[in-house]
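Provided herewith is a single structure, encoded as structure tokens, for subsequent inquiry.
The first chain written gets the first letter, and so on, giving A, B, C and D; residue counts start at 1 in each chain.
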Amino acid sequence: MKVFETELTVRYCETDQMGIVHHSRYYPWFEVGRTEFFTSGGLSYGEMEKQGLMLPLVETHCRYIIPAKYEDVVVIKTSIKELSPVKIRFSYDVVRKSDSALLAVGETLLAFTNTEFKPVNLKKYKPDIWEYVCNMK
Amino acid sequence: MKVFETELTVRYCETDQMGIVHHSRYYPWFEVGRTEFFTSGGLSYGEMEKQGLMLPLVETHCRYIIPAKYEDVVVIKTSIKELSPVKIRFSYDVVRKSDSALLAVGETLLAFTNTEFKPVNLKKYKPDIWEYVCNMK
Amino acid sequence: MKVFETELTVRYCETDQMGIVHHSRYYPWFEVGRTEFFTSGGLSYGEMEKQGLMLPLVETHCRYIIPAKYEDVVVIKTSIKELSPVKIRFSYDVVRKSDSALLAVGETLLAFTNTEFKPVNLKKYKPDIWEYVCNMK
Amino acid sequence: MKVFETELTVRYCETDQMGIVHHSRYYPWFEVGRTEFFTSGGLSYGEMEKQGLMLPLVETHCRYIIPAKYEDVVVIKTSIKELSPVKIRFSYDVVRKSDSALLAVGETLLAFTNTEFKPVNLKKYKPDIWEYVCNMK
């Protein structure tokens, strides 16, 4: 199983008045992780959309262990947990770079759909992309 | 079990280039739902924070059924699924007002902590707030 | 000159670690103000987009006077400051409802364009919408 | 005049249903630009806050020239346009890396305040930070 690493620095606007990163802000980090993972093999996420493949979210989950704070450098470790011709499940570890502490773990399930959000069998709909995604695993 | 309803209109900035509401944007809606629920009994969420009680998120989950779109009016139906002196679990139904379609269901688990994010037993730490929260159920 | 009023309650996720509303968050409020203003006459902003009219932002400006805080109820007072067949300038007052204090004033300039973001003369491109917008003033 | 450069890749969540980056999202980029600029000399923005110096926004302005799109790599070029013991004005150029096209230009005015948001004369309030900031110019 491949693990793809993305490094981010917490932005000021991602904090809330508790002085920590707002819980909803981890999901855009996961998104950065998986889209850079997609793109890393040579076919960008944006290009997939242009070819008519959408990946709407079906399910998102996050467990928060230690609050991330402003200016923390975090590493998003993304991997594919489950893959079928109709869906793909990613899992994420959010690790603080300075001490390798695990801050949060997450999962997202995405469907393969056409531009009208109708589910598709990726193997049949876009065999090239299917093969590409299989090689990511 | 009480169900608290909050009505929202989808904002333009909540959409993404798929033309639907970005998945991370449902969590601030849940937040509006539960904080208004808290506040509805007379003690505001902000007042609880001023009294030294924080409610950081421990876990968030959402399942997306039908995409919410710009200008949709949605109703967030919030209820307390689980309550103990150390944590509180809310569940949410997101319903499209025009046709009562269920767009998404979610859950969030929050811990009761002091301002240093140390877990507290709410029953002992702030008996008045504990009683208040018990009455919300 | 018409002034259109929209009432909002500050959301928790709109605050940052300074304990006040993040400055970038006023712009989505302005957006709510002007889109509800557009929609108030019977033709929704979303419908305009479906008819092929885009209104990308050309310029945004905000001056912050008193910080908005979590749970504040604010009123966005929106008016059209300038209108021509190629652009429209809105101005906004953000007023705290409890004491009518002026929290911020803003302006946004929007261009009328087609779906490829090419500037259009609205009077010629969509005469019906042009007339509709003129009546908003 | 120093120009500090920060490189960012447009995130999916920063787009809206027009298929371009939402106008409000440029302001967090400016924030990344100026806080990294602050931090680049050895004293982090977060550390300044811990020492009791707040820099709330007094004014923000942005002019949008070419829409930024998903996956664009953009360079934020930040410089100090004006500095006095009570305020600091930054200006920003947002440049698309692939072809050096100028996408947007912005400005933000920040006040020096204490933690109660009372304006301070930085030269007297925190002479060390004042000297540090003067050296940034």
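In this section, a contact is a pair of C-beta atoms (placed from the backbone, for glycine too) under 8 Å apart; a residue touches a chain by one contact, two chains touch by 3 or more.
Since the model is a prediction, treat every value here as computed from it, not as a measurement.
Averaging Cα atoms per chain gives one point for each, and the point farthest from that of subunit A is the centre of C. Computed from the mean C-alpha positions, the centre of subunit A lies at a distance of 33 Å from the centre of subunit C. Between subunit A and subunit D the centroid-to-centroid distance comes to 28 Å (mean Cα coordinates, whole Å).
Centres computed as Cα averages put subunit C at a distance of 24 Å from subunit D. Under the contact definition stated at the top, the residues of subunit C that touch 2 or more other chains are 12-13, 17-18, 20, 24, 27-28, 31, 70. Chain-to-chain contact here is organised exhaustively, every possible pair of chains being in touch.
Contact residues of subunit A toward subunit D in the complex are 9, 11-13, 27-28, 31-32, 35, 39, 44-46, 70-71.
Those residues of subunit C that touch subunit D in the shared complex are 17-18, 20, 23-25, 27-28, 31, 49, 54, 56-64, 67, 108, 117.
Interface residues of subunit C facing subunit A in the complex, by the touch rule stated above, are 12-13, 15-20, 22, 24, 70.
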